[in-house]
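Here you go, one structure.
Chain nomenclature is as follows: A, B, C, D and E, assigned in order of appearance, with residue numbering initiated at 1 for each chain independently.
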Amino acid sequence: DIPVGHLADQSGATSDVGVPYAQGVADALAYINSKGGINGTKLAVDTVDYGYQAPRAISQYKKWSSGSDKIAALQGWGTADTEALTGFVGKDEIPAYSGSYSGHLTDPTGKGPHGSKPAPYNFFYGPSYSDALRGMLMWAAEDWKKQGGQGKPKYVHMGANHPYPNAPKEAGEQLAKELGFEVLPAVQFALTPGDYTAQCLTLKQSGVNYAYLGNTAGSNISVLKACQTVGAKVQFMGNVWGMDENAAKAAGAAADGVVFPMRTAVTWNGDAPGMKTLKDISKMSDAAGTAYRPVHYMAGVCTAFIMKEAMDWASKNGGVAGPNIRKAMYQKKDWVPAGLEGVCVPSTWTENDHRGMTAVNIYRAKVGGDTGAGVDELVKAGTIKLEKLTTVDVPRKPEWLGW
Amino acid sequence: MANISIIPSGDFKTSYGTDTTIFPTKTSRNFAILGVVLLLACPAFMDRYWLSLLIQIGYLGIAALGLNILVGFTGQISIGHSAFFGFGAFASAWLNNSLGVPVALAIPLAGVVTTLVGLLFGMPAARLKGLYLAIATLAAQYILQDFFARADWFTGGTAGTIAEPLTIFGFAFDTDERYFYVALVALVVMYILATNLMRTRDGRALVAVRDHYLSAEIMGINLTKYRTMSFGISAFYAGIGGALYAHYLQFVSVEGFTILFSIQFLGMIIIGGLGSIMGTLMGTAFMVFLPEAMQALTKLVSGTAIDTALNLKDNIAFLREMSIGLVIILFLVFEPDGLAHRWKQIKAYWKLYPFSH
Amino acid sequence: MQTTATAASTNAPVVPPVTAAKRMMLSVNNIEVVYNDVILVLRGLSLEVPEGEIVALLGANGAGKSTTLKAISGLLKTEDGEVTRGDITFNGERINGIDPDRIVRKGIFQVMEGRRIIADMTCLENLRLGAYTRRDNGVKDDLDMVFSYFPRLKERTGLAGYLSGGEQQMLAIGRAMMARPKLILMDEPSMGLSPLMVKEVFSIVQQINRDLGVTILLVEQNARMALQAATRGYIMENGKVVLDGTAEELRNNEDVKEFYLGGGNEERKSFKNLKSFKRRKRWI
Amino acid sequence: MSGAPVAPHPGPGQNSPGQKSPTTQAETIFEARGVNLRFGGVHALTDVSFGIRKGELFSIIGPNGAGKTSMVNCISGRYRPTDGKVYFKGRDVTGMTPNHRASLGIGRTFQNLALFGHMTVLDNIMVGRHHLLKNNFLTGPLYWLTGARKEELAHRREVEEIIDFLEIQHVRKATAGTLSYGLRKRVELARAIALKPDLILLDEPMAGMNLEEKEDMARYIVDLNEEFGMTVVMIEHDMGVVMDISHRVMVLEFGKKIAEGRPEEVLADPRVRRAYLGEDDEEEEPVAAVPPARKEVA
Amino acid sequence: MTLLFQLLVNGLIVGALYGVVAMSFVLIYKASRIVNFAQGEFLLIGAWTCWWLLTSWQLPFWIGFPITLVFMLAFGVILQIVVLRPMIGEPIISVIMVTIGLSIVFQAAMKWMFGVFAKPFPPIFASPTMNLFGLEVQTVYVMSLLISILIMAGFGWFFKYSRTGLAMRATAFDQQVAQSLGISVRHMFAMSWAISAMVSAVAGVTVGVVNGVSSALSFFGIKVFPAVILGGLDSVIGAVVGGLIVGVLENMAHYLDSQWLNWGNMYEIAPFYVLIAILMIKPYGLFGTKDIERV
């Protein structure tokens, strides 16, 4: 067996996105096992909910990384725990695939212009928070022209003063300036739902055109609603974890028009060759095959498959061990896991650059009407639609590495 | 029974010196020393998981002891302890990274720096009492958290900062097996210091302030000084604990030091027993082991009949969380005075055994 | 001072003839009390309180007088204490183990040692709380009655916590009067009162007893006054009753005279020239 | 003990005749001048002046709520007079904090018990040594290295003497909060003595004690005064005790001083008899049996 | 200027909501000196219950909401009987820890029962927003404002004049004395927890209607601490005033921050600075009763 640790947040503060993502990872790994595992060796997956509490993640990791059945790879989750484990996984040579897309996890050597800490064993599937924002800003600059906007558009970064919302702040603001935006001082709002009318009133007053929402869905919804109430007309740009089908449902009409980056090429109802595999994977936990899977589920599946294929390669090239898996990650260009064509976005990792994906798929949430029903019905009825706007290729600039 | 000598029915003291020792009886002292010796051998037979839990107990136990000095001994509730813990972590990393202070020195220095911060936030203690003071410490929690996120020069801002491993004469304490000794030594030293403090003048003064501040003042105790000082001492312990944490994880980020963490610290000392030094350690161990035990238990449940009957599946996580909460509640219902109290009763029982009363 | 105990039956058994006909309102049978599961304080204590009488309970510091009262009123529970043996009956009903508030409703009210007024309420509020269990309309009149006994309380309109020690004691006694119970357990009511007030309080105690028909179990250090007011008395030592009898008998007992009343029949000895040598008490 | 004759207080409140004897300020250990204390509308003390001589056993009596405790609070620093000044050993201490006064040598007990309930009796008394001990939060933790241990043990020895003196050996290790009322009073006294005060203030030390215990207590107080040389201020309602052991007595009523002087003089004052003892002039009174009071400090 | 005014209005409206939560907090404190760390979960339970009644049972709001309140009343009583009753007479700090345990249990239980996703309330008012002094505000805020004024007046009277109010205060002061007066500490606790749970539900439903219901809503429980302290821990009126002040303060801080200072995060943090400043001047908050310092 190949031991794999899977840290999930199913009960903690980020469980609203943690649950579907973890389900995706878990189903994918189960599916892989049902198909024979890694060249005939099964994966021994240990899924553990750590409740988004870093200390628990650490002790769990210690359990996994010691003894004879030391894990070959780790499927991780949040910012705090991923960062806390970065040093350990590096030393223990255990590739860690995280749900944290912080830019500085993309610098394996620590020699990037902004890098501080090398993260040689950290990987994630998707554009980094910074690159995703860059992509959206590039889109916004276009959009402003298309809309016939006059003068400089105004951009503002919004989010809590925490590592995750703040990760892309400077990167975004700098690019926005370069792109001709007027960058207003950032606006803070907590990671929890609350009344953010004040923030919206100032947005309205200062005439902001584009605003990045750095938080998770729960608090973003509060902002969207408040801004709707006070009538602030702002084009909001979410982050990968900030908008999805469930958030759109909860926010209702307030979510209408929000753009956000997607890590997969299609949504659950999309049409792609790989969707067949995905539906089969989904049956691992939903035998009836009726469940609607939100975007995070699909991202989880892609992440798990990247790991699986790296293990495949490793098992043929010296055995499924951390260093080999890491080496395997650098073997392919424009990598799309077999069977998931058209779903997972091509990614490329190199020894010096862990920015796997720089193509940013930008979607827009469309909400028309009452959102009382279940997500699957809403999507089926077209009340909630996630529309693809465009794909922006963010250049892989060396000075943006690790930032 | 067989070995009567283990718990003597009476321990006769012939001088005041023997009456003021840390351990009430020779046997208890020998047991403690034996315990430490056993612990020294731990890395030889424990895996990293267990060691890491023990290390956690080590640095959390130190910080919790600081909180107990503040809450349990001086009677001033704080719900901002994790912020001081965090400050110590950042301070130690900063001292090392920016000023080049060797880690071995940075850790105690971080304690000192945190003490100063503690004194600053302890100033309201001169005027505020009870929950009013508690909420002022809540303010400290948020203000410090905000500071961490802002002070790029100090904390690396929201991105966090790395902390080098502790190295002494070129020997790096960068594995669990090695760091375990660091944590153990620090723990023993800090606990002995606290024990000594509490049996000397200033320690007594703190307790006196807790029990009856009006008469304490009349007995010659400067209330303002001791109330504030207790914050300082508590912050010192938090700072040391935090610094140890920083150099263990080798990375510090603001995210770690939230109000929930502060509440966990409170949990440790309440469960351990307010105003009890050994209780603090027991409480810390309780709070560290509890989630692990529940995790193990729920793991046993998963896949069994109970699992299918309750249709748990992923919800097993919630079951675990609930049982953590429930264990805390049940524990307090049956042992409201904390583990230290129960421990005392067990000792009293054995002393009197086989005669009750 | 009129002494209610009349017949000076010298060697009558436990109950003097006059009160023999009376019903026992409270009887405590051979109880044992333990604090914190380990500290044994009462070791087989028994006493009886006949209806309508004043019974004094005397004893040295730490003898367990307060503990006895708390055992009766159920308040022991709140101090980690427990009656581990024996029973307590009130009007024929066993009341040990019952919650203190229910015991109050049955008609036993304790004036706790150390005043224990509610410091952050006014006098008036404290008194009104004394009448918490009452449903009748007499509360207002009783307030006036208390104020007529203790006019000082009426003047003090601030919080009760700011009252002087003696004033607080008056408030504590007044609060008991407001409750109109069947049995009052008084723990050192005269403590901290000026000589004038002590007299006043004892006459109030007797009035409550006589006019309102309230039975009283009185714990007192002022033995002289207590034995004047009471009809009978108990003397406790080390958690046991060591001597009991009518007030008259006790007043005439040599040991009681020496240790509680001060001097025998001779002149009172001065506090000034005491020797540390003490005669052994004969009852131990 | 001071061999000088007793100094009558020169202040305006002086109204006890028969004590006129030449004196000097130096022998007055404590002095209150025109002390007023108001709480909102309550006049707890009105223009009270008096002096306490070194080595004296001075009693304050008066009806409930007369302001006795308030006066003691003004001496110990718990209250600050609204008006007027208090002097200790010739120093104006009016604005001084209680803890500062403690280190100058004022110790006290409380009317409503104020022990440190969760500490042992021993620790309670050791707290009294606070201002005499030198070790602190830096030296204390390093117990063996800084001499803290030596110091603690030295003081422990003295505390044990106090324990012996007050005969509370058997409860040495007991938690103060679980003691019976009378014992707690005794522990409080021990704690106050541990301060080694020059002036000790006792607020109703004998409340809640039976005769026998009062006798013990009286003996302790007299010993304190005579053997330890402490100046004692005592508030007490038991007239027997007051008459027997005090050198001088001050009577307060409604916050005003109504009499001051030797016990038998004060007791002879009809105002005192009426206000305090509640006696009509002709009524038979127990104090008649009181033997002549102690001689004043001589 | 209009921005400032709008922020002021908004501060008052949100502040009233804080006031409601603060009030429910004060209630428990006043009767038992217990700091309820599970207050936020009470909000959550109230919000989910109402949501469930409205969506699964399709009840109209004006039926579902009162049922919610009744349910919460019962919930408070049951909670008291099952969990808190055994703790009567135990150290307060232990009981406080129990409420922390409760919050862990409820948090998980709610997620288990209702899932981890935020769920929107069905539309309740014909017009979800209304114009108040030139500011569009959620109608439900106005509703909670009105309800809170009613509740506040009720409690003000209750604690000042009613026998039970007096008894509750006595219980808080000293449980032993209260019992010696014949007050059933159990009843007092049950009552305070029940009412507190009910009042919390008002706030919970309000927040839920605006933001959708999710477990993160329970953070309100901690957010409200400054308001409670500012007003004075044991003052019902203080709680409301404290809530209003914190509400306005947040908005004003945000105004200053966004218009001039640009320090960032003042909305979150400024109230805490002000809180400390106010406490240094008034150590018992604005309306809190002073401790009695007398020996």
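Criterion: a contact is a pair of C-beta atoms (placed from the backbone, for glycine too) under 8 Å apart; a residue touches a chain by one contact, two chains touch by 3 or more.
Each chain and its UniProt protein: B = Branched-chain amino acid ABC transporter, permease component; C, D = Branched-chain amino acid ABC transporter, ATP-binding component; E = Branched-chain amino acid ABC transporter permease.
Just so you know, these numbers come straight off a predicted model, no measurement behind them.
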For subunit D and subunit E, chains touching each: B, C
Centroid comparison with subunit C (C-alpha atoms), farthest chain: A
Approximate Å spacing (C-alpha centroids) for the pair subunit B, subunit C: 48
Centroid spacing, where centroids are CA-atom means, of subunit A and subunit B in whole angstrom: 37
Between subunit C and subunit E, centroid-to-centroid distance (C-alpha), Å: 45
Multi-partner residues of subunit B (at least 2 other chains): 146, 149-150, 214-215, 218, 317-318, 320-321
Interface hub residues of subunit E, defined as touching at least two other chains: 108, 111, 264-265, 268, 294-295
Per-residue overlap in subunit D, given as positions that touch at least 2 other chains: 69, 78, 110-112, 114
Partner subunit D, residues of subunit B touching it in the complex: 16-17, 19-20, 192-194, 196-197, 199-205, 207-208, 210-212, 214-223, 229, 233, 275
Subunit C to subunit E touching residues, read off their complex: 73-75, 77-79, 99-102, 104-105, 109-110, 112, 116-121, 125, 128-130, 132-133, 159, 161-162, 175, 179
Residue ranges of subunit E in contact with subunit B within the complex: 29, 35, 37, 83, 86-87, 90-91, 93-98, 100-109, 111-112, 222, 225-226, 228-229, 233, 264-265, 268-269, 272-273, 275-276, 279-280, 283-285, 288, 291, 293, 295
Subunit C residues touching subunit D - in the complex, by the definition given at the top: 35, 39, 58-63, 66, 113-115, 152, 156, 158, 162-167, 169-170, 188, 191-200, 221, 223, 259-262, 267-268, 270-272, 274, 276, 278
Subunit B residues touching subunit E - in the complex, by the definition given at the top: 71, 77, 124, 127-132, 134-136, 138-139, 142-143, 146, 149-150, 214-215, 218, 259, 263, 266-267, 270-271, 274, 315, 317-322, 324-326, 328-329, 332-333, 336-338
